[in-house]
Amino acid sequence: MSIFRAAIIGGGNIADKNHIPALKQLSDQVDIVAICGREQTKARALADKHGIPHAFANTADLYRECSPDLVVICTPNYLHYPQTIEALEHNCHIFCEKPPALTAQDAQKMADLALQKGRVLAYNFQLRQTSEWSLLMRCQTDGLLGDIYHIKAHFLRRRGIPGWGYFTNKSMQGGGALMDLGVHVLDLALCALGYPSPEHVLGNTYDMIGKTGGKGLMGSWHPETFEVEDAAMAYLSFSNKASIMLSSSFALNTQADKDRNLEVFGTKGGVTLFPFSLHTELAGELADIQFPYLEDVDIQLKNTVAFLDACQGKPSNVCTGTQGAILQNVVDRIYQSAAT
Amino acid sequence: MSIFRAAIIGGGNIADKNHIPALKQLSDQVDIVAICGREQTKARALADKHGIPHAFANTADLYRECSPDLVVICTPNYLHYPQTIEALEHNCHIFCEKPPALTAQDAQKMADLALQKGRVLAYNFQLRQTSEWSLLMRCQTDGLLGDIYHIKAHFLRRRGIPGWGYFTNKSMQGGGALMDLGVHVLDLALCALGYPSPEHVLGNTYDMIGKTGGKGLMGSWHPETFEVEDAAMAYLSFSNKASIMLSSSFALNTQADKDRNLEVFGTKGGVTLFPFSLHTELAGELADIQFPYLEDVDIQLKNTVAFLDACQGKPSNVCTGTQGAILQNVVDRIYQSAAT
Amino acid sequence: MSIFRAAIIGGGNIADKNHIPALKQLSDQVDIVAICGREQTKARALADKHGIPHAFANTADLYRECSPDLVVICTPNYLHYPQTIEALEHNCHIFCEKPPALTAQDAQKMADLALQKGRVLAYNFQLRQTSEWSLLMRCQTDGLLGDIYHIKAHFLRRRGIPGWGYFTNKSMQGGGALMDLGVHVLDLALCALGYPSPEHVLGNTYDMIGKTGGKGLMGSWHPETFEVEDAAMAYLSFSNKASIMLSSSFALNTQADKDRNLEVFGTKGGVTLFPFSLHTELAGELADIQFPYLEDVDIQLKNTVAFLDACQGKPSNVCTGTQGAILQNVVDRIYQSAAT
Amino acid sequence: MSIFRAAIIGGGNIADKNHIPALKQLSDQVDIVAICGREQTKARALADKHGIPHAFANTADLYRECSPDLVVICTPNYLHYPQTIEALEHNCHIFCEKPPALTAQDAQKMADLALQKGRVLAYNFQLRQTSEWSLLMRCQTDGLLGDIYHIKAHFLRRRGIPGWGYFTNKSMQGGGALMDLGVHVLDLALCALGYPSPEHVLGNTYDMIGKTGGKGLMGSWHPETFEVEDAAMAYLSFSNKASIMLSSSFALNTQADKDRNLEVFGTKGGVTLFPFSLHTELAGELADIQFPYLEDVDIQLKNTVAFLDACQGKPSNVCTGTQGAILQNVVDRIYQSAAT
Amino acid sequence: MSIFRAAIIGGGNIADKNHIPALKQLSDQVDIVAICGREQTKARALADKHGIPHAFANTADLYRECSPDLVVICTPNYLHYPQTIEALEHNCHIFCEKPPALTAQDAQKMADLALQKGRVLAYNFQLRQTSEWSLLMRCQTDGLLGDIYHIKAHFLRRRGIPGWGYFTNKSMQGGGALMDLGVHVLDLALCALGYPSPEHVLGNTYDMIGKTGGKGLMGSWHPETFEVEDAAMAYLSFSNKASIMLSSSFALNTQADKDRNLEVFGTKGGVTLFPFSLHTELAGELADIQFPYLEDVDIQLKNTVAFLDACQGKPSNVCTGTQGAILQNVVDRIYQSAAT
Amino acid sequence: MSIFRAAIIGGGNIADKNHIPALKQLSDQVDIVAICGREQTKARALADKHGIPHAFANTADLYRECSPDLVVICTPNYLHYPQTIEALEHNCHIFCEKPPALTAQDAQKMADLALQKGRVLAYNFQLRQTSEWSLLMRCQTDGLLGDIYHIKAHFLRRRGIPGWGYFTNKSMQGGGALMDLGVHVLDLALCALGYPSPEHVLGNTYDMIGKTGGKGLMGSWHPETFEVEDAAMAYLSFSNKASIMLSSSFALNTQADKDRNLEVFGTKGGVTLFPFSLHTELAGELADIQFPYLEDVDIQLKNTVAFLDACQGKPSNVCTGTQGAILQNVVDRIYQSAAT
């Protein structure tokens, strides 16, 4: 097997702490040849830190000089679309940070071009690699859940508006709590149902706490420049009558600091994901089942492996470009519903 | 003050255990003059047990012979409408069991006629009299919550399909989990928002566990005659952008045997109702507030008092006919949404 | 179906509180015609209390005058053998209190004569009727346990030497903690293995706390007349290599006041009986399973029903005379091992 | 005091992580002069890592070139016997890993030759140095326990068949759970009774989970090469009527991942070892006593000190060669009982 | 033994629920011959309820007509002194409710006259009869505590100003939290030290919550007529350098609804009374000792027995007249300290 | 802003671990120019470790050669007075370790001279900088507590007599538990009341455990050289009737290893400091309020900042020389009370 030549686009925290370390652990499959950041100096420093040969300040140079086989896109949301299109035009596989894009239309174009080019386009939804999600998938396969018909998914923070980065900037991020947090659990919920597109979407977004200000638990934010939603609530209904209740917040007057979970209800069994417990009937009685020894896994490493598996045509549970387009479409429709 | 002459219509459990004992504790305001049941013998026995002078097997006799000032309607859901109309035509005040009626149209006619006749029509939603609900109302009045914009309301049973009565009979009850359980928390959620009618309603109903059968925790039910929903999920969106997520079930593969709660989110504070806790900011810090000494109250007694207060023109927080019509309209729209 | 004519032999607490109330609840199957106690006056008083027509001070009178179909023997241990033989000679079915007899030889004769006479001889081991034991049997049937190969069974009290009755009198009771407590969990353990007779038995008995005295938690006992073991420990090994560790005590310097449990280990799953939990593999992971809604049953009533079922030739899980003889043989061998 | 010249035989994990670090902390008493491993290169590397001058690939070279005063034997079980004999013939004191040997006969020869040569032979049972065991010994000395007459000792793993080393190889290890885990708690139990040899031994061994396979919690094992017992249960009875119940497992369908404990029952008090609690009578009442501030000690260091104390003729509670022979004899008799 | 003829003075709750039931259980020692209440009708009704022959509305009649041997005084505090003097003049033994009197001077006169008359004067401090206090006394006797040198004693209520009776009336009760609650734990603390009179007393009293009003947990009180202290804090220092910190409150912004406890510190061991735990050194380690099986006793019954024992000249731990005078002196000095 | 030139006097642990690291983090405000220790060599080594230019063995050299703007005094208690006077004479600001001095007289002279010289004299009571104390101050400012009238303050160790340093030496430390531990919570308690001087002080000191010996949890101490109190208890009463109960111990037979807390009672609310909880009335009900997200702060750094703020004339909550003199006066009066 030949080794992939990889390039990293975006030199921020997620490249430094997540993607580069994962790729370096997989040096038998992939070789990081270059990194491209906004500023040449910073890119060079990050490259040196990780022993990466080349550093660029624009992608044109990168493609011209290094001809990578695959790129990892770790830039702010508004760049996912143009950089993915560019990478596909250079025939690269793409491992892109979430969310897919600012709009459903863009995400669809990305998916379409990837198919046309025969390249892998994948999104980095790491929760898919948790032991809990793997076990839920296995329970579903083993018939322990029956048909899943309702899911409650939430990703809530009480006062977790990030005090850094572009998280409250609408034009760069496309949205707030839903774009940053909600998509993680929405992706899992759609997975559990086979990734259908919903028939009906009804939702609302809120921004009062964000715009008023208050005690921050992830740094202090600026109410006066707060442009995104601090909370988004939605209900999705599918043609097979399945439904999803989705809640996400950067700021909400709820008890827990952070709370991220799914409850999945099937005809034979129901699952609470974190910590995993299965509620069903066994031996003629109602039973609650715990799995106390689930492995603690490196979910970024596992997701990078899944992406590389996809690049090699192997089975993989990474989020595909097509799934990303469906998810982005749901996000769009929630925002549209909230606006009307 | 003259004393009300009351008649009880319906001789089942809820008359025997709830309404009659409450009315008897209020003998300075009300006198139970008659009871009307399906069978004369049973009605007579119940009347004797409680020292009630008259017992009838049909309401015509009741009205003719006793001329009550008010009636308490404790019959199956499908009788609420005709019996209320009849009572109004005899110029009675009415304290009717929940839900108001089988359809929104009926509930509206009931409310309209009550207004026209100048009589009190009230529904027995007792949760309004819990100490927790009273405290939430007080917190709202005191400005501790700010503006309420989102509510999660649920009333879930794991395997609580009643093994007795008409609960699984569609034509007599009009529905299942939503009609019997969901309405309780829906009424509270609407109260918290000022009882508006929602702009949009999206919902689904399910019946697979009910129709398949299994271990029952409230007696055994018959899957073959199970006609109602075992679960109903819905999302309501209001013109001021507030929203309600509503979940109700007779049977669901969830952990708790029974779980009934509201989470109310406002711009200044949020409340979990049972047990009551308030999440807000105080002295510049995020604060969680408990009220460990809330009184344990007799909620039926308090609701009966509230009804009698209304009959006397005093302020009262009992559920009014108009509110009942709005609530029934929501229920109708959830069923319609689920059916399409 | 004709109704059994039953007689109670022994007018103590266990007749008054357990057997008679159970039989009276089963009046469609059985009619208590007489009671026989040591003293005519007391027997008469007990009969009157329960509305039983006849009372006797000796069994000869009882059989002559009442000709019962079945007898319930609730006398001290040393009387179980002669009274059972006498009852069989009068062609009665017998429901006898535990333990079966003072010696294995007696218990075997009782079993043999019952078979010869074609009458039911059963012992009142009520733990067989707990929901937990029923569930364990169901798990075994459903293959959730695989082959059971080891059982730890214990029935321990810290300072529970009864301060009343004959419990410390060797000639009347035949032994102490093993005879009174250990037999309950030994019976279950043997059941789980199919009631085989062990190949090897090794055990010890102790009496130091009983003979020294101390703080009593079930009344005060008299060290100077303490003749039985305060603790008995044993190991049973079977021809199929299965094994049982058995511990029982009236008095032991252990933490819990009272502790009674079984741990059952099979090739596929293991069970802790109280509270019931199942330890196994599910969906490829180690799983711990709880059954939080097991029914609270009247175990005496269920065991009396099981006895009556046996009398009518129906399937029954009551402890049979043959099982009782095997159990008593194990008890004998433990005492013998301890004595050598 | 002259300083001991020590040699390490066996270059595996236990030498690297336990013995060498402990000896190095005791450099005022002992000097590690050489290490002997199966392969010269690995031995050399380990020696270099720890600053040990010499490294050998066979013991003959070691003795000829270095003439150590004492050796620490850290090799697989089957080498304990020949290497101990060889070391004694070179007049060395020996600190040997547990278990003593593959058979009781070998262990007895080792003990005999050590006595004859006047050298210290000691086994590394480190649990003797826990604060809990020291406290139990002190409680016994202070008379708080009275006479000890029953001990329950167990060392259980749910799925802890090691996925590395020789642990499942019968000819190299001599056995499985009993040889590797059970001996630790058996040594303590025998200590508590004064290290008598039991009069009677009854036991069983099992291997179904090991031979069937399953989820491993200490790596994955190979069912097809699993030759040892995955569980061993036994009962020991002594001439003074004391008794020990011993349970050990690599794999058992029990709740806890790992569970290692002793319960010691005496006439005046009983002890649960981990966490330590004492159950007794005090001031005329039943009392439970905790000792919340027991020191966290380096048990390997303390056991190495105890061995060196023995070498210097000082009092020591290290496991002696004679005790090791008694323990190995018990192990042999359990295996014999299980085989017949 | 002749049987005491007893009379009850005061027909309130404490007579009805505590003293009369206790005395009736001791009918082999005492016979209640009369009851004296403020109103003849009520006294008569209470007498009839308990089968007491005579009922009076003034004590003069009582003494003249009944000549009791002993009287139980259950009247408001301000009557304790005159009624005790009167009873002593009629040569009665006296069992008086706590506190002894309104002033130290009165209490001293009561004690002096009792001694002079050779009659028993005892106060009903029931906490002395709890199992916990008995065990503390036993621990002290057994030398487990060494010399006691400091005690923290508190009896605190958060909002427990009684909404009934005379508890907030200064002239009838003499004080508030200290008089009603503090004296209970002060009595125990003084007992533990041998009932010395303190050398120095420093204290404060407060009444702001009582005078301001608020949520009541023992009914609603009237701020405008609140005349007593809602909290009293004090420090007592003794000639042997021992000290007591005393806290008592009817109302205080503390966490617990009600909290009543003593911490007793001695040179060898310290005790927390409720639940009882002993902190000491044992076997060379710091030890915490619980006594999980203390008996639940009827403390009123035991204290009445103790009083009757005293009347019969038997050893008794009831609070004596002399102790009562010392205690009342401490109370006086706390109030004086607070006032200056 | 010019930068302060700082010198450290005393080269022990508290200089090395607390003061120097804090000052180095504030290099924009302060520059450590010298350190002065008892021994030149050790002082030099510490200076080198932290990159401090000068090291001296006496303060005369220090002042002559370096002319610092401020000094930090980290020496044993008996040196606080002379070194502060000397520093003031060199016109330095002083940040002195607690307690202020050995006597109230000395502390007063220190405060007086500082005022006269116009220099800042501050004491390092770091608990003032905990988030909990900041929140209490904020609650007081926001009116949530009303008027504070009683405080319970304690700093207790069970067996925490330090096994190192001069802590048990009376002439060098001036006292024991009160001087070392009690002053921390006494400072806070006085702060809460506005730092008044008490009208009355009553207290006791004890030394029996210290002089007898026992198990040590902070090393082993020497009973024969134990000269200070192992426990000090006191009560302070103020002219406005407020009161403080103060408890401190190095050794006491209490449950917790270490326990340090304040309970502050006001007319509107009460606070338990660690963990912070507020007990009050809200929305007409009794409420308990938690603040689960208080920041974990570097209290030494914050206190050093507070000292530097004071030096720059900014508002600061550091303990002033005047407050220190009041506190030392209270300590003196407690010792005097205990001695008489």
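Per-chain numbering from 1; labels A, B, C, D, E and F assigned in written order.
Note that a residue touches a chain if its C-beta (ideal position, glycine included) is under 8 Å from a C-beta of that chain, and two chains touch if they have at least 3 such contacts.
Chain labels with UniProt names: A, B, C, D, E, F = Gfo/Idh/MocA family oxidoreductase.
Nothing here was measured: the structure is a model prediction, and the numbers come from that model.
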item	value
Same vs different contact residues, chain D with chain E, by half of numbers used	same
Farthest chain (mean CA position) relative to chain F	C
Whole-Å separation of chain centres (CA-atom averages), chain E against chain F	43
Distance between chain centroids, defined by C-alpha means - chain B, chain D (Å)	69
Euclidean distance of C-alpha centroids - chain A vs chain D, Å	51
Whole-Å gap between the CA centroids of chain B and chain F	61
Multi-partner residues of chain D (each touching 2 or more other chains)	159, 215, 217, 284-286, 288, 292-293
Residues of chain A touching chain B in the complex	146-147, 149-150, 152, 158-159, 200, 202-204, 206, 208-209, 212, 214-215, 217, 231, 233-235, 237, 241-243, 245, 247, 252-255, 263, 265-270, 272, 277, 279-281, 284-286, 288, 337-338
Chain A-touching residues of chain C, taken from the complex the two chains share	135, 138-139, 142, 144, 282-294
Parts of chain F lying in touch with chain A, wherever the complex brings them together	292-293
Contact set on chain A toward chain F in their complex	159, 215, 217, 257
